[in-house]
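There are structures below to look over.
Below, chain A partners chain B and then partners chain C, in two separate complexes.
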Partner chain A sequence: MSVRLILAALLLVFAGPVAAQDTLPPAPYAYRQLDDPALEAKAQALMETLRCLKCQSQSIADSDAPMAGDMRHQVRTRIAAGEDPEQVRAWLIERYGDYVSYKPEISATTWPLFAIPVALLALAVLIIVRRLRKAK
Partner chain B sequence: MTWLRWVLLALVAALFGLFAWQLSQPKDEFVHSAMIGEPIPEFDLPAAVTERPGLSSANLADGQPKLLNIFASWCVPCRAEAPQLAQLEASGANIVAVAIRDRPEDVAAFLEAYGNPFSRIGKDDISAVQLSIGSSGVPETFVIDGQGVIRYQHIGDIRDSDIPKLLEELRKAGA
Partner chain C sequence: MIAEFGLAALWLSAALAGLQLLAGFLGLRQSGSELSALVRPAAVTQALLCALSFGALLLLFARTDLSVALVAKNSHSDKPFIFKLAGAWGNHEGSMLLWVTVMALAGGLIAFLERRLPERTMLATLASQAFVGLGFYAFLLISSNPFERLVPAAAEGAGLNPLLQDIGLALHPPTLYFGYVGLSIAFSFAVGALLTRQVTPDFAKVMRPWVLGAWIFLTLGITAGSYWAYYELGWGGWWFWDPVENASLMPWLAATALLHSVSVLASRDALRAWTIMLGVVAFSMSMIGTFLVRSGILTSVHAFAVDPERGTFILVLLAIYIGGALALFAFRAGTIAEGERFSVLSREGALVVNNVALSAILGIVLLGTLYPLLTEAFDVRVSVGPPYFNPVGAIFFLPMLVVLAIGPLLRWRRDSFARIRLPVIAIAVVGSAVLLAGWLIAGIALMPLLGMSLAAAVAVGSFLPLRGRSLRRLPLPVWGMVIAHFGIAVALFGMAADTAFTREKLVAAQVGETARVGPWSVKLASVDPVAGPNWTALEARLLASYRGGGEHELKPQARSFWTPPQQTSESALLTRWNGQLYAVIGGEAEGGRWQLRLWWKPFVTWIWYGGVLIALGGFLALLGRLSGDLRRRSAQAKIAARRAPETVSEPVEVVA
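And now, the complex of A and B:
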């Protein structure tokens, strides 16, 4: 194989991921802030606690994925239309489950996460108290 | 106090056992739609290409169960599932589609190259319908019953082995 062919093959490898992106412009409110600073602050705070579905360890505020842009558009237009941020969060959870939200929520599946540290702390205090008594 | 030490040791061992077991389990990377069993939210999308009409939620509640394919011309796995979609259509499935963030000329070229098994194609430039049904990528295929209720979600490209399951779900939805 000639060097040219290898180079062409290599270029193709890098061309793949680039081709797998759409070419449409972002949604109107993907990168544009709301005119009302108070509403924009609300939207921004919410977007920082919503998970990007394409890039699962980023919030939609941090991601440049087109889908994250489309989600920001949804958030901003809904907030601008007078919806409460928690209503918008509920709308997304209704569609994607708790997974889409970064805000910790005590529920039937998550309560041990909150209960176990408290129980361990109580156990540690108990052990320390007993040892201190013995040491006297 | 020795018994307490053994209890703690057992607890730690159990914890590491849990870690080892969980780490050896395959991780489900997909975000599943929570809309299964729910009626499809209202929408009305314009046509993505001139050869096919657009798609609205009313079209999905016309009494006939359908497959709803979420695709895009820029999506590589969508090319891979084209023969399987053709096979589903040949088996009698009515397949409608939503093209995500796509240009009409690109969709037309895609259908020209890989075939057009769709009876309707709606154009969703800001993923609005995709977000409203809990879909998190392309391609995805939903089974919608005749009343417009979402019955099943297939995530990723359709392989040959997925066809019987999709036909089965379509039959369960009343086809």
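And now, the complex of A and C:
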């Protein structure tokens, strides 16, 4: 056996996994609903709040992108396996980062998103009360 | 030649804007200066030249002149004619030219028509309009020249994004821009009034029709944009809280608040400073929206940082105009007297609540839109979407709807609860009845349930102001209010019903197979290839029957465009009075099956009917105001004519 043949054989062995990575695993639940309507509703509600990472401002529930389909499959199978929607969300956030969830959690970086509306509410009440009290 | 002509016209109109600003400014400084006579003609000529320049761009697109870079980049010779024209504003440079054209036209119109304001306020207003215009002319001419030549000329154009090749989206940007940029008039009026300290009911009466006009266009633009997203994107969503959508919603929220507060100023001489503030804020939101959409910052903050020329330019303009106007406001607001007082329970009181709530919602939308951009600059990526905007916005939106149902019943200045007890009870009963029925019988989730209950309450409340009034003698603006408020109820009901009752069915169907979704059964009759002018498609023929009734045909398509190469799905819609059947054909599945997506969306069309009703209400109010103004004008002309002969016979008395 010549050296070149051995090399070629080695290449084939190593190329195997690489080629396999190119094809995504089949995602039957990308375009298929769960049989149980209650579970499907849960999955649907969750999918509407997850960002399609390959699109501009679309949730995975309204995108044709293959990656969105793959994520829909993930969400549906996990919900079908009995996971809680928030568990699935946490799992996806762990995998893709906070960016994937349209529902910001209160954290060191996002607290102004929640503090400012509270301040706005206080301000609105203050303006109305002051305005109306002065008027009497 | 056409491109050079367009560019020359654009430079000339920019120069005229400079003249208008200078003459206005000097005319303000020295009253009686002859320079001030230049201001109005400069504004009108500027508008005409700018319109010519835009006309030149339209002509270049109509002819597909591929020696112009913009045309080569965004058009294609075998595109349908209407989309060739729409290509003129379906890109950055063209849409900015449309922006300055609308701005110049708005300025030209007030210069030509508006004679009721004190001349000094008018000078300040037109100078301000020219000042803002100049910045955007500079932006166009320096960093976004739409008339740039391409040497050598391209053999063929690159085409227009297929998603934009749709009649709805061809007309959507101009409509929205008339609203967006029309608000520049409110901004300039506000600045003019601040400069001359003339914040009076007469001023508000002059400002009101312009605000109304811009607001009608904004309402229609947003409604059309939402419907476009609904049928064109192929997934049945009609609002995504996408930053681009928010960019159009924010000026609308501010303009809606302004519309109500300017009415208070016109009828009651109250809320002076507040009205001026909203005038400044509304157009500021238009400019922020333009920055968001046009700077490329939305695709990625980092892409923006790499090629920041355009974005930085607009950002500097924003800082000058918004910062300048707010500084002027802070400086002058103290010198504007507060205006008339009113009691808690009064029309004004209700309108204050409406204004504060709308402003708070505006604040939340602005926060949720800008915050992710801010954190991204620090390499932290967060997403803010419906789970944030819906509940947080509802904190202000729901109480506002309660006030909306009751407010129009109240009298100006002071009212008593005893007087409106009966109608308030009627509204409360209807709202609670819907709430209970929806909860106990239909088991609807909380948010859509509240939406439906309030929609019913607002619907009843919107018509109650007609009680005990002669319908034939009711002024048009009151009709406008009633219809616009009823439109809010209709749209809200559509949104709630869509959220609560939508049925979805995803199937991989063989030809001949039938799927059921809600009350519909849908049979896949055939799938055939079809071809259009610049696309080919697979077209499914679906036969749908509602509760076993007659069959209706639907033909959704999966289209492939070739310039540029892109796939789109053309949904097929079947509209009944009580909802829409929405069908999409996806890809081919294994075993000769076809992916079908079907939705039954009860009452979803009411969202857009509501939007149209709201705009119609605005239109009636505008018609009423304008005819009132015309009547007053002709009455004044008659009085003047009656006096005229006397002045001829007895000239001495006139001097006295």
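Definition applied: the second predicted complex is superposed on the first by the 91 of 136 C-alpha atoms of A that agree within 3 Å, B and C clash if a C-alpha of one lies under 4 Å from a C-alpha of the other, contacts with A are read in each partner's own complex, and residues count from 1 in each chain.
One rule holds for everything that comes next: a contact is a pair of C-beta atoms (placed from the backbone, for glycine too) under 8 Å apart; a residue touches a chain by one contact, two chains touch by 3 or more.
Treat the numbers as computed from the prediction; the structure is a model and nothing was measured.
Of the two partner chains placed by the overlay, only chain C lies in contact with A:33; chain B stays clear of it.
In the superposition on chain A, A:68 contacts neither chain B nor chain C. Legend: residue contacts after superposition of the two complexes on their common chain; A:54 is shown touching chain B, with no touch to chain C.
Once the two complexes are laid over each other on the shared chain, residue contacts for A:88 go to neither chain B nor chain C. Taking chain B and chain C in turn and counting the residues of chain A each one touches, the greater count comes from C.
After overlaying the two complexes on the shared chain, residue contacts for A:99 are found with chain B and with chain C alike.
When the two structures are aligned on the shared chain, A:79 is found in touch with neither chain B nor chain C.
Once the two complexes are overlaid on chain A, the chain A residues touched by chain B in the first and by chain C in the second are 56, 97, 99-100.
Those residues of chain C that touch chain A in the complex are listed here as 233-237, 240, 242-244, 298-299, 341-344, 349, 352-353, 356-357, 359-360, 363-364, 367-368, 371, 375, 380-388, 392, 395-396, 504-506, 508, 567, 569, 586, 589, 595, 597.
Chain B meets chain A in the complex at residues 29, 31-35, 72, 74-76, 100-103, 106, 125-128, 130-134, 136-137.
Here chain A touches chain B in the complex through residues 16, 19-24, 27-28, 53-54, 56, 66-67, 70-71, 73-74, 92-97, 99-100, going by the rule given at the top.
Interface of chain A with chain C (complex): residues 31-33, 44, 48-49, 51, 56-59, 61-64, 97-104, 109-110, 112-113, 116-117, 120-121, 123-124, 127-128, 131-132, 134-136.
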